[in-house]
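Here's the structure, in structure tokens; my notes come after.
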Amino acid sequence: MQNQKLAKQLMKKSKTARYERFGRLLCLSALLLIMVIVIGIIAFIATKGMSTFMKDHISMKDFFTGTIWNPGAKTPSGHAAVGALPMIVGSFLVTILAAILSTPFAIGTAVYMTEISPKRGAKILQPVTELLVGIPSVVYGFIGLSVVVPFVRNTFGGSGFGILSGTFVLFVMILPTIVSMTVDSLKSVPTYYRQASLALGATKWQTIWKVVLRAASPGILTAVVFGMARAFGEALAVQMVIGNASLMPHNLVSPASTLTSVLTAGMGNTVMGSLQNDALWSLALVLLAMSLFFNLLVHFIGKKGAFSK
Amino acid sequence: MQTIFDTQSNERFIYHFNPEENSIEMQTKDLEISYGKTLAMQHADIQFKKNTITALIGPSGSGKSTFLRALNRMNDDVATVKGQILYQGVNINQPGIDVYEVRRRIGMVFQRPNPFAKSIYDNVTFALQRRGVHNKKVLDEVVETTLKQAAVWDQVKDSLHKSALSLSGGQAQRVCIARVLAVKPDVLLLDEPASALDPVSTSQLEQTLRELKPNYTIIIVTHNMQQAARLSDYTVFFNLGEAIEYNKTRKIFTRPKIQLTDDYVSGNFG
Amino acid sequence: MRKRTLVKWILVLVVIIAGIGSYTTRSKRATNQQSITAVGSTALQPLVEAASEQYSAEHSGIFINVQGGGSGTGLSQIESGAVQMGNSDLFAQEKAGIDPQHLVDHKIAVVGVAPIVNKKVGVTRLTTSQLIAIFTGKVKNWRAVGGKNIPITLINRTQGSGTRVTFEKYALKGHSSAVAQEQDSSGTVRQIVSSTPGAVSYVSFSYINKDVQPISIDGVSPTERNVMLNHWKIWAYEHIYTNGKPTGLTKKFLNYLQTKHIQTTLFNKLGYISVKDMHYQRTWKGQLSKESGVA
Amino acid sequence: MNRMQKQSQVAMGLLRAIAGFVVLILAFLIGYIFITGLPNISWKFLTSPAKAFSAGGGIGIQLFNSFYLLILAMLISLPIALGASIYLNEYAKDNWFTSTIRTAIEILSSLPSVVVGLFGFLLFVVQYNFGFSIISGALTLTIFNLPLLTRNIEEALASVADDQRQGGLGLGLSKYETIIHIVVPAALPGIISGIILCSGRVFGEAAALIYTAGQSAPALNFADWNPFNIDSPLSPLRPAETLAVHIWKINSEGIMPDLTKVSSGSAAVLVLAILIFNLSARYIGRKVFEKMTSMD
């Protein structure tokens, strides 16, 4: 019967279906590959980082609350001198300050590029920001050293090396990242949102503030996270201007250090498997944990924002 | 001819064709559609007659689009569909059915014209090319026939290799119809195909659909009751996830059996 | 579409043929090419690199791969046997985490380390005790040691750096420097000292230039001559370690580094001091013996 | 209403000022790099090999290495990132597992590149015995590059309107065909700008390469393009110092007398190269897009 013939035709796996399965598998394996790499690196850092505590028997308390960093030596009070607190505080401060400083600038610029003058934005600003991403950190570092540090020294006093200089350099470094990602998320806000808002009699500013930015806020948050991620992971440039002293920062112009700067500077000078080296990997682990924390925080904020909308 | 009057509640009237009649192209049996835990459609038992135009009307959120999308299983990823969907007597809502073949035979045109970022020619032939048809002669012929069927050939025949994105809304929508016709479906599902078009384009589109009727079974979701009235042979009225009344269009618009339908078609709500 | 598929296959074919073709026609040298790798100290890298280039130029088919990475990397990699030569600024014994038992030390050169200050502090000479006071943070202003009224900004090399270890051991007589700014490269240190008022740090002789002021200690100025005579105490060996006795190409290359030709030309240019010119030798514990020449 | 208008005007002015200020910063940076660097660039500088401790060294090999590594790294990472982002954006269900994957990828992108570099060093250089080589460097750069590239491509895919996908599905095409032949071409401008962004980052990356591709640039025989010969420019097993690594190296340990000149010149060349790269990628992207949207 015709019915059964049709049923047969419809039940047969078509070439398209096989193609679909193949394509899906291909994409899945790409993702799995990335997952393997991610898990590999995380596991690698975790094992290396934990060995400070497991193998070298350093107590977590000494590590997280100590303020003297000289692995292998003892503090005057007899604890192991692996206090990572100054670096943790330093990383935290620099990242947060840089993000706070650059977010309004980045959003302003991105809004300008998408909402006010898209033409000029696409012609000038976008290529320039993309260009800046490619400037090696070491060049940023040297410009920071020859421009920002003297500026901070002359304006705010101190030696010029410190959190503030680090913040300024990072501000410029993460700006392109945040701008270009914010632009992407603003662009993905459908045009009819804007039209609807303008049609309701809202001013351009109200439209931007209440509609466009609100709609793009998850994307903007992601952009900021990525900016902070870059700030977190940045080493060479910050290292040159922050002073790189494992001291608790008492103000914004006193030399301080970040996890990455100590990590990068120390890696080549220590021997794999030694306490000195393990302690550096522990810093990397802290870094990982901190960026996880930031990430979750922002996701949390993002969710809250989504509800109140 | 046989009609079933829902005796459980006096609020539904679903017209059913004579089972002996061999002209039912599609039919749903006790269809139930849900998004997650939200029930979007239930008790849908509708038959669609071959080579007719059936309009699905109802207020926003009544489930008419959801229903339409279930018919060629476009909802697979987002919704759970229970019940039977018979296409020429074969239940296509069962495991093992090749959805791609189903969708080829039951084509769909969407609310907003969505030409691909390709040339007009490629828009029309794309699906065929993906199915291994590469003979230029065949493809040329398909392009010409389908664009003519969709009544857009004269306007685009000189710019077949221009981007389809440059077309006006009405032209784009008819290219989208041609694109669907190119894979030779039996059923055409249209989801408010004219909502983004101006009156002139809309009436051209309607004319196109009338011309397609002898060869295709057309099911169209529309917001526009005049459109349903002038275009369709049968009309289903949906409300709150249920098919309330299904009858000949003439009857729906002149002598509806259900008060709710009357209220809706006379513009009292919706 | 079908034409495209054809083109695709032709392309694949061409690539395969090209691959086979280039493999079979690869230069005959490739089969008897020899290559060794040296990793480690960034201070020693330019010297070894320059020597390896000359050596490769003189001996065809020889490939010596010289990489930096720091002394720690050099020592860990030579210990694990991943490379043939490990460059280090320090004795293996001085480095925590290294078992020096199987490592053979080849002292390649001697470098002097000198304190440097920003040119505006108005100090060119210090006594050892003044130097210790400055670096341990007891003196905080240049006025206290006869300079201008400028606060002292201390700049250290990174913990574990060879230069720092040498400086603390021989200039500060074993005192640890106070916790202060740290930089992990000599170039950066020099740049910061030259641009920061009141800055003081230390670099090896080859990094001293007109932008910074070297300091004499106890009346002895930092010159190569003074290092050879051990009047200037702050110096260290540059080492190349091998895992066990060197063999083959490694041995030949190490010998090449000791030739007079290299030691007179390259060493002078780079500011290294030849081990042969030294009037004294020193063990890793710092014991001196008055002998010249190489081990 | 009037007050609102005024408020809007003020806000617009402020936004313009912010954008202007940012432009100023960016212009200053680029101006600084070019003004200090461009005078040092000459044909000889661009083509001659570097010198370790005497003046007059160039950056020819480093420049070639940078491009070669970038191309290799992109060739390896692009298909992976594309596949992964397609899966994440089109297939993956929106559940905890997907968000875990996303979070993990985001975290990976925040790791300092030196950590990625050391990972690459231990894995490729030591474990797989690739040595300090282009291939080690390219693989490490791939790891370094994947998170951001995946993220960017995913973003570009997400910005393609859903009705394009439905159009494809409605024709009875598979999801995969629809994505590859319809969604990806439609997302191409976004994907290309993502690639440019990542290329810039890769091009300027130093720390991940110091331990993998190495910091030496042995002389190459530019007459020999057989990748199986070790002094061939194409050989994947030779060490390859890139421009960014070169800048890092001479700034930190360089002792040549014309250090600042070489360094600022290299920085300018690097920025210039990225500029040229961006412009050409944009141009190619536009052409490809035009081709895809008009003729087959």
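Labels for the chains are A, B, C and D, by order of writing; each one numbers its residues from 1.
Assume a contact is a pair of C-beta atoms (placed from the backbone, for glycine too) under 8 Å apart; a residue touches a chain by one contact, two chains touch by 3 or more.
Being a predicted model, the structure only gives us computed values, none of them experimental.
Peer 1: Of all the chains, which has the CA centre nearest the overall CA centre?
Peer 2: Ranked by how close its C-alpha centre lies to the overall one, first comes D.
Peer 1: For subunit C, which other chain has the most distant CA centre?
Peer 2: B
Peer 1: Return the chain pair with more inter-chain C-beta contacts, choosing between A-D and B-D.
Peer 2: When B-D is set beside A-D, the one with more contacts is A-D.
Peer 1: Using Cα averages as centroids, what's the distance between subunit A and subunit D in whole Å?
Peer 2: Each chain's C-alpha centroid was found; their separation is 17 Å.
Peer 1: With chain centres defined as C-alpha means, what is the inter-centre distance between subunit B and subunit D in Å?
Peer 2: 47
Peer 1: When the C-alpha atoms of subunit C and subunit D are each averaged to a single point, how far apart are the two points in Å?
Peer 2: Subunit C and subunit D have C-alpha centres separated by 32 Å.
Peer 1: Measuring centre to centre with CA averages, how many angstrom lie between subunit A and subunit C?
Peer 2: Centre separation, subunit A to subunit C: 34 Å.
Peer 1: Name the residues of subunit D that each touch 2 or more other chains.
Peer 2: Residues 172-174, 177, 251, 296 of subunit D touch two or more partner chains.
Peer 1: Give me the residue numbers in subunit A that touch at least two other chains, ranges are fine.
Peer 2: 16-17, 20, 142, 264, 267
Peer 1: Provide the list of subunit C residues touching at least two other chains, using ranges where the numbers run on.
Peer 2: 1, 42, 68-69, 73, 80, 184, 188, 191
Peer 1: Which residues of subunit C touch subunit D in their complex?
Peer 2: Residues in contact with subunit D: 1, 22-23, 25-27, 29-30, 33, 35, 37, 39, 42-43, 45-46, 49-50, 53, 56, 63, 65-69, 73, 77, 80, 82, 184-188, 191, 206-207, 269-271.
Peer 1: Of all residues in subunit B, which touch subunit D in the complex?
Peer 2: The contact residues of subunit B facing subunit D are 72, 74, 100-105, 107-112, 114-119, 121-122, 126-127, 130, 161-163, 165, 176, 179-180, 183.
Peer 1: Under the touch definition given earlier, write down the residues of subunit D that touch subunit A in their complex.
Peer 2: Answer in residue numbers: 1, 4-5, 7-9, 11-12, 14-16, 18-19, 21-23, 25-27, 29-30, 32-33, 79-84, 86-88, 90-92, 99, 101, 103-116, 118-119, 122, 143, 146-148, 150-151, 155-156, 158-159, 172-177, 179-180, 190, 193, 196-197, 199-201, 203-207, 244, 247-248, 251, 263, 267, 270-271, 274-275, 278-279, 282.
Peer 1: What residues on subunit B touch subunit A, complex-wise?
Peer 2: Subunit B reaches subunit A through residues 87-90, 92, 96-102, 130-132.
Peer 1: Enumerate the contact residues on subunit D facing subunit B in the complex.
Peer 2: Those in contact with subunit B are residues 161, 163-164, 166-174, 177, 181-182, 185-186, 289, 292-296.
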